[in-house]
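Some notes on the structure that comes next.
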Amino acid sequence: MTGSFFRSRSAWAIAGLIVLFLFPVFFDRFYVYLTAIILLTGLCATSLNFVLGYGGVFQFHHAVFYGVGAYGTALMILKSGLSPWLGFIVGPVVAAVLGLIIGLICIRLSKLYFGMLQISLGSLVWAIVYRWYSFTGGDDGIHGVPLPDIISSPNGAYYFTLIVTSASMFVLYRMLKSPFGSALQGIRDNPVRSEMIGVNVRLQQLLALTIAGFFGGVAGALFVVVDNTVFPDMMFWTLSMELVIMCLLGGWLSYLGPMVGAAVIVLLRTYVSGITVYWALVLGIIMMLVIFFLPNGVLGYLDRFLKKKARAR
Amino acid sequence: MENLFGFISPGILSQILVGLSRTVILFIVSSGLSLILGVLRIPNVAHGSLYMIGAFMAYSVSHLFGGGTAGFWIALILAPLGVAALSFLAERSLFQFLYEREHLMLLLLTFALSLVFGDLVKLVWGAEYRSVPVPFIFQGYINLFGGLPFPIYSFFLLIMGPVIAILLWLLTNKTKIGKISRAAAVDREMVGAVGINVSWVFGIVFIIGCSLAGLGGVLVAPTVSVTLGMDHTLIMEAFLIVIMGGLGNVWGALLGALIFGLTQSLGILIWPQFGIVFPYLAVVVVLIFRPTGILRSTW
Amino acid sequence: MLEVTSLSKSFDGFKAVNNAGLIVKNGETVAVIGPNGAGKTTLFNLITGVIRPDSGKVLFKGEDITGLKPYQVCRRGISRSFQVVNVFPRLSVFENVQVSVLSRQKKTWNLFTPSSRLAIAETDRILENVGLSDVRDNTSTALSHGERKVLEIAIALGGNPEFLILDEPTAGMSPEETSRCIDLIRQLKEKLGITILFCEHDMEIVFSISDRIMVMVRGSTIIEGTCDEVRCCQEVQDAYLGGSDVCLM
Amino acid sequence: AANTIKVGIVDTYTGPATTFTNDVLDGFKLAVERINAGGGILGKKIEYTFRDEKFKPDIGLAMAKELILKEKVDILMGTINSATTLAISDFVKKEKVPFFVTFAKSEKIVGEKGHRYIFNMNEHTEMAGRAAAIALAKKPYVKYWIAGDDYEYGHAIADAVWSNLKKIKPSVQKVGETWWKVGEADFTPYITQILAAKPDFIIVATGGSGMVNFQKAAKATGLSQKVPFYQHTATELSVLAPQGPNAPEGVYGTANYFFYYPDTPENRAFVADFKKAYNRNPRIGALYGYMTAQFIAAGYKKAGAIDREKLVNALEGMSLDSPVGNLEIRKCDHQLLIPMYFGVTKKDPKYDFLIAGNIEVIQGKDYVPSCQEVLKLRKK
Amino acid sequence: MLDVNGIDTYYGLSHILFDVSLNVKAGEVVGLLGRNGAGKSTTMKSIMGVVPPRRGTVSLNGKDITGQKPFISFRQGIGYVPDDRRVFADLCVDDNLEIVYRRSKDWTKDRVYGIFPALKEIRSRRAGHLSGGEQQMLTIARALMGSPELLLLDEPTEGLAPLIVRDLEQQILKLKDAGISILLSEQNVRSALKMITRAYVIDNGRIRFEGTVGELEANEDVKKKYLMI
């Protein structure tokens, strides 16, 4: 039974990928761009959820890793003179290292304290980027990052984003289903007990934070590919809040929840803002409705709904 | 180096005094946040919006009463009441049903609320900057150490801070409602089962906390321009202050505000280039040495 | 196997454990009894590293394990269950135990093999042993109180311990479940040769399965001895049993 | 879209910046209504659509892309956020869509990062600095203190004023600097610090709501009576009006526009129109928005076709009459040359708020960086 | 005084109580016996209003109290001692007693400490740090502070040392003498039988037996089938 279930799940994944691959053939450039943004934002939110939803760590300043990944990539391309492809590795790696460092400092703290200390540290990083004009371009950011030819066209950027995102999503998924992932979820639910069964809670969480930082960085690097620019707002705390909201809105206990949340937010922003400047108001109201009626997020609701149906059958 | 001596000599004392008066508003707002966080466990992001609304209400009220001194005093009473009414509405229609939810969900809800409030303020008051004049008796300044000016209004603030701190401490530690709310923070259902109408207790605490945000807004109004977005910077600072001091601890909020305010003003004097990082550094240092804040938290 | 010497711990000046001593030999089953608040749970917490002692020593198999982190203690072969049910609420019964097994096998650093292929046989065997096979796929919150208590033990067994600490394993169980639980503990002792340290307020159980008993009062050991020694000792009667009929049993 | 010319506007309509951007939008609307009422351009009406980017560059850029790729706008306009502007600029360069910058102040926009499709309809920081320096050089002050918002705009303005002042009048000295974080609410401690150093004059480089906040603090501490200071846009209506009669007197400032100055029939007419439409006095942004529409209309007319390339060509070097006199879009860098008014705040019985007095006019060509300078920047 | 009439209670979709009826008369100690998961706690919660029943009625002194909020039930004289010791961890013992809603001055702190002298010694300690048994005493003490007419005791002896259990048995009898009616749920039948006058046996959410202690002692069938003794 599990076999057929798994098969159907991979079947769905493959079908989804095919649709996404064919997307540029049928749709206008703008929609391709929008999809790329959703994918990379969703990847960023998923990497956050790796520690937030599955690790129970209040990672409140995930945008730092997104931003650092982007800056790392952009600066590497602009300043090093080495192959731009190297930038796509350096950015995420720098983000991962930063994730480890910030993690080391914060890890002793619990919940809200963790989150707030992380916001402080993240804000320090942000302040440095914001103020270090000569290197980072200050609050104006860096614009017009040159890219290798094959990914500089809109479609090239889209396919690159699609491939990297799906690969990352797959890797993250495998990690969650691995013993490491089980231990991580155990820690989320009951850290004391986890320690009592021989899990080195801190170390386990640190690794998770590093991984999350890495994939946050990957998303940042993809942003450089899609939008060719970086700016300090990418690591401002408001964006981090938005990422948390994507996780919660989509469903932070389901794997694709954050991706769905990202899609919801990006689409709302795009379409509602075309109708009214009061789109924050609309977004706020929609969020409240979700909280009231879908307490487990959009996907959490669907999950439950489907399960209930399956049971009824 | 030159800079360093430059600021020590002509009255660092007055500098500190000024620094203190500015922490008062931070304190008042964060103490409300701390109360709500400590008792109701709601990380209330909309707290900043209520502060902004308090300031706008202060503008409207003082304007309505001729913009003079009388207007300010009436605003000092009416605006926090207005904010209280608004929070009462929010509590009864929203929060009331959600206390049992995950903290993160409440964070999401309050964030949504702050978005709504932000746009509502724009709808009601428009985009113009607003200004509330300093009440007449507090206008002007006196000369302190070495002829440096100190606004009289700041004296007023300096007195308000401790008064509010003591009142709040009495409320949480000495009154029954304070004790009930501390108990309810941990086990709401059981508090109900010993004959207490928890729903109202929570409502009252929420309203008190929120009106403190409103009060902060009124008090700040005469010193700044009342604008959209003034909630934004404040809320993050308030959260950091609360965390630094220890969640739910009134004195912690006071201490946190002091540290935050002083590192902010002194930090910029020491290293102008990266002045903005000092308060954050203070938070980092504090939390590294005291992972649950300086004073005991109720969490 | 386990040797606790003059262990002390105080909270805000209150001595919860005061100079407690205890020796458990290989293969023994030792009970700790004592009035409420005597410090039994605290003693267990000190041994397993959940809290650090103020002074004193814990030796396990001749090695000093005082002040080690819980996970380090666990890796040396000590597992425990908790007085208040303490399981992983969002995981299924199977996963609850599996995590424990995986952790013992040091597989929690394995990032890529799906858990669903690992440690299945062993986990199922443990579930079988404790009689939870039927509810294997339920989430742990859907279990009855008694079942959850058993799951507690199963998780501890996942660590394949040489030494097992049980904190009131049968509290809140019905007579029926209690007798099953006692059987289980006997099995662990006899079939698997696990050394067991437990505390319990039900004297019938204490006297029926333990080899030796340690009596704790106000944080200190007042007597340590065989069932018979303890049973009718006057101090124990006064401090704990209160002249109940156990002496006659 | 065949029968209309579509203009897309991306700007911040959230937070303190709204007070400026609303005027840009309203000024633009006013002009568009007139143009459309007069039969449009080449028989086509102007249609516009606007987006609130909430002062976030990523959102702003996404919105610009949406407007260009999905809404297929002919022209893009905005924004008050320099980072957004620069990000969009890079994109419009690739897409070859003309982009009119209406409030962002970064010098990079037409300087280092300038290109064929970008037009700057307001002064940038270097220009503001030069204009102030020209006027300040004539004053007797020697010991200067520099203070400001700790972000690009603050530093850029301060640097621009200071470096130009130093060039024009080498005898000036800087006795110290103070930087505070953006959004700082209470300036009293900084003012105490500055006063302790006893400078002759202070250059205050704040933006947005910081302008009002600083002036309030200056009034409360008596700073404005002790040491004169300069703020770019200090004399602007959006800064002075909210403070009513309580604003400090004697503050120096520069601004491109006042509804009461120049007191010409053109300006009076513009003010009357604006007031009729929106029931308030126009502020600086209104002029930028209004003139942007005018230039777009005139540009298309001159080009004779709805064609982006032709429009750009037509606009280069074009000049138009405006409420503040004849304005030219310079060919070399697409910078609008607009006069700057240096003045000082004073009370006026006609208004219940302060206005600018002793106005000194500095003509656009006098305070704009030369074409050589710009080209040198662009080559970098 | 307490009449429970045919209640059905659910947790979400799962139907737990089926047509449960029972009554407690003034001054009685009534036992509610049954094995784990039989529905004892749920019955108590239904009476208190923590988990309102979907069908049937609960009335106190002839007044319908079905499904009303727990705090109102408490104010009308029902004291509730839950099985999972829910002391107010953050408050000290004294404050735990102080915040209770007081119907009358019948029960003072001193009187309560008279019943549980052990508590008096630790009156200023944080409740969250008390041992299991101490917490159990505290919850009973807390319920008494509201001067209840009826006490719902849910497995009060769980986790208590034999000495304390015996003490508690005495105390409960004392409470009975003081005129408080008690509904007592117990696993520990032997202990329960010392206190109660009548008993209900519940299994799988249904009342299976009702009668005096004597009748229960005599009914080997019920004892074997539902109580495992």
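Each chain carries a letter (A, B, C, D and E) given by its place in the written order, and its residues are counted from 1.
The working rule: a contact is a pair of C-beta atoms (placed from the backbone, for glycine too) under 8 Å apart; a residue touches a chain by one contact, two chains touch by 3 or more.
Please read all numbers here as calculations on a predicted model, not as lab measurements.
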Set of chains adjacent to subunit A and to subunit B: D
Pair exhibiting more inter-chain C-beta contacts, A-C or C-E: A-C
Separation of subunit C from subunit E, taking each centre as the mean of its C-alpha atoms, in whole Å: 29
Approximate Å spacing (C-alpha centroids) for the pair subunit B, subunit C: 49
Distance from subunit E to subunit B - Cα centre to Cα centre, in angstrom: 45
Distance between the centres, which are taken as Cα means, of subunit D and subunit A, whole angstrom: 37
Where subunit B touches two or more other chains at once, by residue number: 118, 122, 232, 273, 276
Touching two or more other chains - residue numbers and ranges from subunit D: 13-14, 150
For subunit A, residues that touch 2 or more chains besides their own: 130-131, 238, 280
Pairwise chain contacts, counting only pairs that touch as defined: A-B, A-C, A-D, B-D, B-E, C-E
Touching residues on subunit A, where the partner in the complex is subunit C: 2, 174-175, 177-183, 185-186, 188-190, 192-201, 204, 207, 253
Parts of subunit C lying in touch with subunit E, wherever the complex brings them together: 11, 14, 33-39, 41, 83, 144-146, 168, 171-177, 201, 203, 239-242, 244, 246
Complex interface listing, subunit E residues touching subunit B: 48, 50, 69-71, 74-75, 80, 82, 86, 88-91, 95-96, 98-101, 103, 142-143, 145-146
Complex contacts: residues of subunit B adjacent to subunit D: 3, 6-7, 9-11, 14-15, 18-19, 21-22, 25, 67, 118, 122, 127-131, 133-134, 139-141, 146, 148-151, 153-154, 220, 222-225, 227-230, 232-234, 264-265, 268-269, 272-273, 275-276
Complex contacts: residues of subunit A adjacent to subunit B: 52, 58, 105, 108-113, 116-117, 119-121, 123-124, 127-128, 130-131, 237-238, 241, 244-245, 248-249, 252, 278, 280-281, 283-285, 287-288, 291-292, 295
